[in-house]
Amino acid sequence: MNSTATRADGRADDELRPITITRHWLDHAAGSVLVEFGRTRVLCAASATEGVPRWRKGSGLGWVTAEYAMLPASTNTRSDRESVRGKIGGRTHEISRLIGRSLRAVIDYKALGENTIVLDCDVLQADGGTRTAAITGAYVALADAVSHLRSTGALHGEPLTGSLAAVSVGIIDGAPRLDLPYEEDVRAETDMNVVMTGDGKFIEVQGTAEGAAFDRAELDALLGLAEKGCADLTRIQQEALATGG
Amino acid sequence: MNSTATRADGRADDELRPITITRHWLDHAAGSVLVEFGRTRVLCAASATEGVPRWRKGSGLGWVTAEYAMLPASTNTRSDRESVRGKIGGRTHEISRLIGRSLRAVIDYKALGENTIVLDCDVLQADGGTRTAAITGAYVALADAVSHLRSTGALHGEPLTGSLAAVSVGIIDGAPRLDLPYEEDVRAETDMNVVMTGDGKFIEVQGTAEGAAFDRAELDALLGLAEKGCADLTRIQQEALATGG
Amino acid sequence: MNSTATRADGRADDELRPITITRHWLDHAAGSVLVEFGRTRVLCAASATEGVPRWRKGSGLGWVTAEYAMLPASTNTRSDRESVRGKIGGRTHEISRLIGRSLRAVIDYKALGENTIVLDCDVLQADGGTRTAAITGAYVALADAVSHLRSTGALHGEPLTGSLAAVSVGIIDGAPRLDLPYEEDVRAETDMNVVMTGDGKFIEVQGTAEGAAFDRAELDALLGLAEKGCADLTRIQQEALATGG
Amino acid sequence: MNSTATRADGRADDELRPITITRHWLDHAAGSVLVEFGRTRVLCAASATEGVPRWRKGSGLGWVTAEYAMLPASTNTRSDRESVRGKIGGRTHEISRLIGRSLRAVIDYKALGENTIVLDCDVLQADGGTRTAAITGAYVALADAVSHLRSTGALHGEPLTGSLAAVSVGIIDGAPRLDLPYEEDVRAETDMNVVMTGDGKFIEVQGTAEGAAFDRAELDALLGLAEKGCADLTRIQQEALATGG
Amino acid sequence: MNSTATRADGRADDELRPITITRHWLDHAAGSVLVEFGRTRVLCAASATEGVPRWRKGSGLGWVTAEYAMLPASTNTRSDRESVRGKIGGRTHEISRLIGRSLRAVIDYKALGENTIVLDCDVLQADGGTRTAAITGAYVALADAVSHLRSTGALHGEPLTGSLAAVSVGIIDGAPRLDLPYEEDVRAETDMNVVMTGDGKFIEVQGTAEGAAFDRAELDALLGLAEKGCADLTRIQQEALATGG
Amino acid sequence: MNSTATRADGRADDELRPITITRHWLDHAAGSVLVEFGRTRVLCAASATEGVPRWRKGSGLGWVTAEYAMLPASTNTRSDRESVRGKIGGRTHEISRLIGRSLRAVIDYKALGENTIVLDCDVLQADGGTRTAAITGAYVALADAVSHLRSTGALHGEPLTGSLAAVSVGIIDGAPRLDLPYEEDVRAETDMNVVMTGDGKFIEVQGTAEGAAFDRAELDALLGLAEKGCADLTRIQQEALATGG
């Protein structure tokens, strides 16, 4: 299952692209991160407000949600603006739901109290792996927003029960590979996005046979690669959060 | 990881609910199936038309797509009609895309020729596992539609490269279980939908930690259960297709 | 005005198609009926909830409304899904309003109390007369929902002031005929839908000249046929409601 | 069935309100009429264009359609603008379809040739009977548009197979009455709109029991009143069309 | 910058078209005006209601807003109905906002009290300058609505801090001209709409280079023309308001 | 006309905020600029495609259009996403139209040939003057896109007939000031946006009395400030375009 073919960017099959996490990229948001996975560039902004949606009022519990979108010029060929089309596409819906669900998996609603944090993940430039970059960056923005709420006295305990990172893996030309850029993504026979906690457990596993169905051995190899990649991303997140702020 | 707790409906942890596949439920559609997974009841209709969408014209290739929806009264509490709200929700989008993508994985577009088959999967009654019942039934309706097209001379070869079934698995009270009804689904710590081909390969794996993150061993146990369930469903599909028609 | 031409299905001009009313077709809804007028098949589900819409709160009065829709594959040629198009067509609006208005004509809001009953009429298969089948079936589902509310103590008196049935009539090849299937409906020079109470009064009369304008004698003949058909349907409803339940 | 109660405006039960038809109210449209039924005031504009909708191209047949709308301030209490709400209500849909269907009943598509005429009926002031005023005025605007097309050489034969008028009738305080203003309309037990040709045949009959179901004798009385009212309106239309132009 | 070319309608460059202001054109609205600038004809209706939008409740302040729309047949070539298209175009949005903003500039919210006045400006016939005619007429309808509210005791002081008129100016064939009809509007190199108070101050200045950019001297000339035109319109408004009522 | 009140950021009344223009901020777009007016930060991307919209095909003429939007977290308080609300607000429409119209004023369609350039102006951070920053940055992105098209041989002549810059001016505490940040913008009595060509002519003048109407002298003072500001911006644009690329 190993491949002798080298990757276009010279990486090893189990190697991430250069990852950059720039905190405090915006002045207004409670937390904001510009995250880069190679040329993929996502702006993750966490807006915190006191209060929760109507259906949750009086429960003493907080709420976390996310919205994902791509700027029209972020892709190779300009894509239509969803606000102009008047409706959100299925892919956008899917990814927004994935990000929100993933973040909520590391939130203790009680410790958050009746506060709401909205994560906006806007893709400024897309080169594959935008949803996994978004989740990885959104976690850091969320951590900053939590610190911000604590500093203003809006919450006291620790609503984060762990950290969160995500990476894509896939089988290209028969070889399992980590962190696919667009050029590999379109050629992948199988494509999987994996979201994991910082202590190595799974939050989401979404695998899709693009070309041919995959067998259990291939699935196992991809899961192994994802475990390695998420562990690397967790380390990079911790370094970013340890610096300044 | 085994559980001594028995299931509310008395099933073994690796046992499917009673499965019923009724073919030719409608008079007009090229293929139509009423599929039942216990009390979950989905009407799958395959409409075949000559020609393909504009972006595919002249390619010699066919197209298969799917739309999923729930009738308002299919759920415990009546849900709003998406046509009345004027937009399709994220969950509906997600499942429609999942069904279409899964079916396309067993289609040879060239053999299909410039024909389009639309699979409408309408949930008449929901009791958990509606998307997996829909995929399992839709495959049978698709097979009937293909036979219909062949009988009318609209196609000649075999556009189906294999069969397809889907099942849900999850961890409830610490125990991995197959084919979750609603009552188990809402209590599941982890919930996974798996789509497989008749020869035991994976098409889609979608696992989500609802309560707590899951480790690799739990993931492996769930995948094993899904392999067992999809094999059982494949057998039931074959029996249904072998009968009359 | 009599016709020697026999009908394609061998019926007399004043004869209904075979009518089937299957109660309790769903497990969740307060009342549910699968009604069949020949090959036309409509699922009527009555969902009951305590409380009324905002504009009616505190009035002590109940509310009844209806929504009609056709499944995409219910027709000869697949029709687009209104939720996908993002808006409800004029025909759907018209029929939903007709069903709701008709049912409200036999409701005593005061006796219903501040409860709301929504009738969902989803056409599973269409062969002419879907709106009249929907009204005829919806009345039975409504009656079951009222019994259900009474059994749960949510209401005490009798909110139903009478029963309700509906039938289509039309002039085909110069002959007035009862209960038109699709094949006759498209050829009708005049098409009329009539909703009547069980004691022979009119609730709605909707006649349309499709081809040529009709004179008063033709109108009178059609009204007479409708009176006969609604009386037959009333008897069939009573038999269905008298059985089991 | 006669009533000793006099009407608020002093009319006899079978008397129309003062009817005014002002032709050529606009400079641009091929035909335009300001029609007044008492205080109800509707602007009917017929726009003619060469060509037909895509689905009718090459058929040699023309097309006629209509759109009805109410200005927000036309009613007692300002109503929301449908363009602002982003969707057309069921009532608007229903009436637009009724007007279009009625007009098409007196059109010979072949004689019209591949021309399209759109009738816009905008209610400037509403005091009951807006749909019947709209149909009565739209016929005159349509006749003017047809003359205009003939004068430009766009058509040669006579596409109008007859004339068309419409009136409302209803039972108020037990008495059948003609041409209901708003004050009577809201109190009507039964409300019926009737569209007739100039030679006394029926195009549309739409009767609705608002309060109590109506029997056959009441229905017959209402139909008689409508015949009388439409005959009067036909005479007024003919006078308007005979004058100047 | 002077032009020897005479205008198609024989006016001097600084002369308004014939202006007509007809008050009380509708029976229901608190104020209503049919305003005509030459062949441009706009119906301005002011609907007054007690209470204010939710976000303003309890403030003691009133609210004034406006909605502008064109009837489909008001233009040379019929334009689509925005309610049918399901969304309001950018131009309509812009003009509605301009009218509302302009009117609010002469309103003392405190003196208005918690009342809301909505100005509906519907273009019945368009021949250039519809937005300036709308503002000029809307002011008069607003003044009538204020008087109406005062007469019913709903307000006591004077919420109007001044009067308001608007006019278009433009450069056509090198010459600055006042109050452009459609035929001049489409040929204008520069087009400016100016809203002024009755005492000669500016509320809105919106100038656009349609063909070539304009220099400061041209801008100054246009502003001078607008001052002259608005003064003339103010006089006509005062005369209209002084008469009857 | 000078004010003794100093501005919060210490600028002179006729001084711009620090302006930064970063070209080539994206990899895919034909031209892309991150423009900063103080803390206001707008990403301007110019996407070029061969061909023009349907209504312009075969004319030999090109097309330029623009879309403006704000990211949800760009403002002090998070604003709703227009794609989620399902419609574009009036303000967004207005600004998109303003940007497109302004850019088209310096385009020679014939020299552009049948190419389309779309300018996406996405506000990443908002602190007043987002529309003027967008226009100023969009011009530079447009110039880069034109160079790109020339380098690929898609066009040969010079479609740019001049350069373009825009700035806001306003009266705050009685003093006319240049380039208002949010804090001044909300307090401005009068607010004007001015778009000018590089050679000092006007393209757009949009002035609005927010608090009190303004007289001719104030208007003149604001125009003078805008002329100064646009001249400064033109110089900065030229420097940016002269560097590297």
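Quick notes
The letters A, B, C, D, E and F name the chains in turn, as written, and every chain counts its residues from 1.
Methods note: a contact is a pair of C-beta atoms (placed from the backbone, for glycine too) under 8 Å apart; a residue touches a chain by one contact, two chains touch by 3 or more.
Predicted, not measured: the structure shown is a model, and the values here were computed from it.
Of all residue numbers used where chain E meets chain F, over half belong to both copies. The two sides are thus made of the same residues.
Looking across E-F, A-B or D-E, the pair that copies the A-F interface, with over half of its contact pairs the same by residue number, is D-E.
Farthest from chain F in terms of Cα centroid separation is C. Taking each chain's centre as the average of its CA atoms, chain C and chain D sit 28 Å apart.
Averaged C-alpha coordinates put the centre of chain C at 51 Å from the centre of chain E. Between the CA-based centres of chain B and chain C the separation comes to 33 Å, rounded to the whole angstrom. Counting partner chains per residue, chain C shows two or more touched chains at residues 86-87. Contacts between chains close into a ring here, every chain touching precisely two others. Order of chains around the touching ring, counted from chain A in the direction of chain B, is A, B, C, D, E, F.
Within the complex, the chain A residues that touch chain F are 26-29, 32, 39, 43, 45, 47, 49, 67, 69, 71-76, 78, 81-84, 86-88, 92, 118, 120, 122, 124-125, 127. Considering their complex, residues 87, 89-91, 93-94, 96-97, 101, 105, 162, 192, 196-197, 200-209, 212-216, 219, 223, 227 of chain E touch chain F.
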